[in-house]
Amino acid sequence: MSNRKVLRMGLIGAGRIGKIHAHNIASRIPQAKIAAIADVNLKAAQQLAGELHVSNVYEDYRKIMGDPDIDAVAILTSTDTHADLIIAAAAAGKHIFCEKPIDLTLERVDKAIAAVHKAGVKCQIGFNRRFDPSFTRLYQLIKSGKIGKLQILRITNREPAPPPVSFVKTSGGMFLDMTIHDFDMAGYLSDSDVVEVYAIGGVMVDPAIGKAGDIDTAIITLKFANGAIGTIDNSRKAVYGYDQRVEVFGSGGMATIANNPANAATYSNAKGVLTDKPSYFFLERFAEAYTAEMSEFVKAVLANRPTLFTAAESRKPVVIAMAANKSLRENRPVRIKEIK
Amino acid sequence: MSNRKVLRMGLIGAGRIGKIHAHNIASRIPQAKIAAIADVNLKAAQQLAGELHVSNVYEDYRKIMGDPDIDAVAILTSTDTHADLIIAAAAAGKHIFCEKPIDLTLERVDKAIAAVHKAGVKCQIGFNRRFDPSFTRLYQLIKSGKIGKLQILRITNREPAPPPVSFVKTSGGMFLDMTIHDFDMAGYLSDSDVVEVYAIGGVMVDPAIGKAGDIDTAIITLKFANGAIGTIDNSRKAVYGYDQRVEVFGSGGMATIANNPANAATYSNAKGVLTDKPSYFFLERFAEAYTAEMSEFVKAVLANRPTLFTAAESRKPVVIAMAANKSLRENRPVRIKEIK
Amino acid sequence: MSNRKVLRMGLIGAGRIGKIHAHNIASRIPQAKIAAIADVNLKAAQQLAGELHVSNVYEDYRKIMGDPDIDAVAILTSTDTHADLIIAAAAAGKHIFCEKPIDLTLERVDKAIAAVHKAGVKCQIGFNRRFDPSFTRLYQLIKSGKIGKLQILRITNREPAPPPVSFVKTSGGMFLDMTIHDFDMAGYLSDSDVVEVYAIGGVMVDPAIGKAGDIDTAIITLKFANGAIGTIDNSRKAVYGYDQRVEVFGSGGMATIANNPANAATYSNAKGVLTDKPSYFFLERFAEAYTAEMSEFVKAVLANRPTLFTAAESRKPVVIAMAANKSLRENRPVRIKEIK
Amino acid sequence: MSNRKVLRMGLIGAGRIGKIHAHNIASRIPQAKIAAIADVNLKAAQQLAGELHVSNVYEDYRKIMGDPDIDAVAILTSTDTHADLIIAAAAAGKHIFCEKPIDLTLERVDKAIAAVHKAGVKCQIGFNRRFDPSFTRLYQLIKSGKIGKLQILRITNREPAPPPVSFVKTSGGMFLDMTIHDFDMAGYLSDSDVVEVYAIGGVMVDPAIGKAGDIDTAIITLKFANGAIGTIDNSRKAVYGYDQRVEVFGSGGMATIANNPANAATYSNAKGVLTDKPSYFFLERFAEAYTAEMSEFVKAVLANRPTLFTAAESRKPVVIAMAANKSLRENRPVRIKEIK
């Protein structure tokens, strides 16, 4: 592969997120080419392949792993298959892009990371926020020293509508499915490690979520190794739409991310001044980020440099989520190192 | 007066604007003291004097002019009396603060200015925008060179409700009553002179205003001596409230003034994000400016330095307003020097 | 007093906050009259009285308590004198406006409240945020039902500069001096009671504050009796100025308060779009609120109706602050009822 | 074609704008298929075709006109070829999407429109603003009646950098190249016709533009048939980036479009609060609009309904631009009907 200028990719998973990545690669990432698409639902794979003029379509992902002309795979399947597919791809010597999270258990996360390390392949996990223009700008402000020493971090993450209860049951719970993005951001933006969490929360949106053993509303406080403190708040239902805000406050200043209104129009009358709600949900809000993260993966592999987000890094937010779950159950602050 | 540390002022006019200035002087300008209040409506003068512990109250303003202990007068009466009162005050050697405009005819404006010059007293005309914190900040941005060379000036001035027709009939028309503030700002912010205007407009708000011979909606374009160009738009009725915005655009950047919402609360729901309307009208919007302009007058007199806005300067916006009226009537661009 | 139309007030304390209230009463609250001013620093009292044409000036506040012509007192002295002055005023049958907080110990708070109740006088404690136009608008949005059922409350309270260490030592600590406003707001806006708090924080701004036994940065999480949850963050030093934001999130929508920029000007150039910082500190930010709270007190007394904020209510934020201190010390959530 | 579900399109022009439309059609408009690409620069056509898996590539556009399997053409070439290509396409019975403007002379514009009408094909001209989410939202607000009767229209259109002088010489001048978008918007948003214009302006950005006989800065005032008035301001160089704002003001309220900052991050420090500049230029700002306008064209043709913007409509802004040029030369208001 060393001399290739275009990365040949095999896509595993032709569902909603699979389609998005596939279209992004085909139309917006000239350095990559989709060489094959696989899905246990062969029809879905065939339809997507047809749209994108991809000739190799498989039901069995192992065809992709076995194709020596494929440099890298994108694992875009359901979470419970991620670890096994990473291990298989690593064994086949493929570089790996995998949707978050690797797994809901640390044991399997660690096995996947070990396989990646052993194989010496690159593996990037899809935490989209790291590639959003606004989050990127925030990160640059921090890195430039303009915030000074970080003191307080605040994240708001609220979704426009709760997921179906069926999803809740297999998702690992709100902290592992949704707040995990915020736990990742906490580490990323603080340039430090969370050392203790305290979580409160409850069922305020949908009693069925409670019956499924999960919560839908929470506040989590964080202590960082560098002395900073933080707070995250989550809701599964904000009637005004997808609410994604971050604030970092330090000795030198504050940087924030506000919501993007869906358009730039305002209406003023005797009642006040009205602007539109934010873009609907993650597919709209992070549309650019999905392209940017895949583009970064492709460029990193082609240039043989580290990806911006590695499998090993992706372990941390999983551990924090587990600590938050423990804190919620026991109503006490939980040290991260309590989680093994 | 030269050794005084407190300016002794006589107030002429105890109506709406008189009360505002009187309370501002009494409670917020420690360098001034109200020595006397006069109003043809003696009862109004007495009531205001009672509120403010002022013992000298007169029906006849000449008592103020004749009091050697009074250093300065504030002329807060109706426009048609301004010129005569300025002339009388100048003759009496009093420094003068007078509400805008001096008069609706150039002849009388010039007589008043001549009297001020002859007497060597200070005379400041009350153009409140020059003392508003936002306009002041805009002016500083311009003066600091951050805008570079001015290219385009834009002013929006819209009122929340049209004046009564009785007022329209004696006001001199919209350009002399309302747009005059914008004409003043145009000269002030451009640091240049308007040399040509073109005005279009009509009656869109209230047919009674049309019957009284005036318009209620207009757009005026301006050419400046320094080559810049500008546009002003006016309406006598904005349903969302008092709309005061300015924009200066130049080779180095742009500075704007937005409206101040009446409060900083927002409300977000499924319909969008709502903020409150701007503060109601000029008394609310320019409350601080009324204090600041009087404070500046008092300090300038005490320090024996020029006031920030002189009677002579106040002639210019009157002339521009006359040119705008001529342009509107004749539907052609009018040079300022056509107005004699 | 029942037939009076103007409330005759005695002011105790002629320091910084005393001057503000005195000027507000004199110039902006026509229903009240300052009948006397007392201060242990007689000179300060005399100077203030001189500015405001008040003839009765005392070193000893008991002269005010003993004056049958005085209807109400405003206690504007240092915190350690509040409880005794409230008790003395209640004994003298005076209605009471007192700056927050009543005291730093519950025992003395309770004694003061008992004295007020026994005497049957009105007593309003000066929590200024309840009278700010933005907070008021937020409260109206909540009361109107537009937020629906409250789920998450967020308060940011950051000051532009830390207090001198001498003040820190006698203030009772950040939670009792500064966060107490947020604890009050939490109860006020939630229309419920805080039942549990968890506080984290540390010394990030000024080591001298740490040496004095206090912290300068904190995050507090709250559980409410009605099931809602909340988070407060505090800093003693925000380089961009006084930061006062609130957010209430519920089933029907979200209401927020943003900071007021000091003016409405923006500047755009190749680096971006710049607006000014918020108003400097509480005296500027809550200038209107200081007038509004006193006006409300005066009107409530004259109309013989309850004040909007009573002495009894002012006990709650003190208790929450104590619980927060305990939580910080013990690093565990603390139930409010643990505080006796 | 009547039974087709996918529109087969021939693209003429593989330059900058050609590539954008080609990629949009290929990846984001499933109802269309690129059947052929032609460009006098065959290499450019071949490269674009290669990227998009298009097999028919021509140097001569007539191959497209002659292909009975092609339903519609997109004319994405330089302005001076538009009229001839429209006439050829109409003669061949192809539906037509053509970049703005049809031509710089009314004679040729009229010939092209006549050809379209005679052939009975659909023809949409590419005025991108009509398909931008913010402009669309503004239009909906107007159409819903929320603005009431239109009184004042304001458009700001400023570009981040002036075009090369070579372009200026063939562009027809700023009014025909750049302001033409604003003239179109004026008619579109007012739901009326411009009946008179007055233009002022000059060379403030680049003397070379002046030498080429054009201006780079202007203000134009508009009178509409329905009585409303309007103002447009233009600059070829705003240092803070592409500035696209619109405001419609009427008896019922005001609607505005603000600039979209490039991201939603802000930075606050002791100097103020900084947000980023708007997106760079039209390709970024109107990226969505380019897809939306082509999608609308495709859907209109497939559904056999009128396109949202017809060739006939595209004549109006050309005429207004000519009137503005005449007004600028003669320094007087010019009636639209003076332009023949």
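All chains are identified by letter, namely A, B, C and D, in their written order; residue positions are counted from 1 within each chain.
Rule of thumb we're sticking to: a residue touches a chain if its C-beta (ideal position, glycine included) is under 8 Å from a C-beta of that chain, and two chains touch if they have at least 3 such contacts.
On a predicted model such as this, the values are computed, not experimentally measured, just so you know.
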Co-neighbours of subunit C and subunit D resolve to A, B
Centroid-based (C-alpha) most distant chain relative to subunit C: D
Could you grab the centroid distance between subunit B and subunit D? Build each centroid from C-alpha atoms only and quote it in angstrom. 43
Whole-Å distance, subunit B centre to subunit C centre, using C-alpha means? 38
Which residues of subunit B are in contact with two or more other chains? 239-240, 252-254, 268-270, 276
Flag every residue of subunit D that touches subunit B in the complex, lowest number first. 148-149, 151-152, 154, 156, 158, 198, 200-202, 204-205, 217-219, 221, 223, 227-231, 233, 235, 237-240, 243, 249, 251-254, 331-333
Footprint of subunit C on subunit B - complex, ascending: 23, 26-28, 30, 51, 53, 133-134, 136-138, 141, 146, 252-260, 262-270, 276
Which residues, counting only subunit D, touch subunit C once they are in their complex? 239-240, 261, 268-277
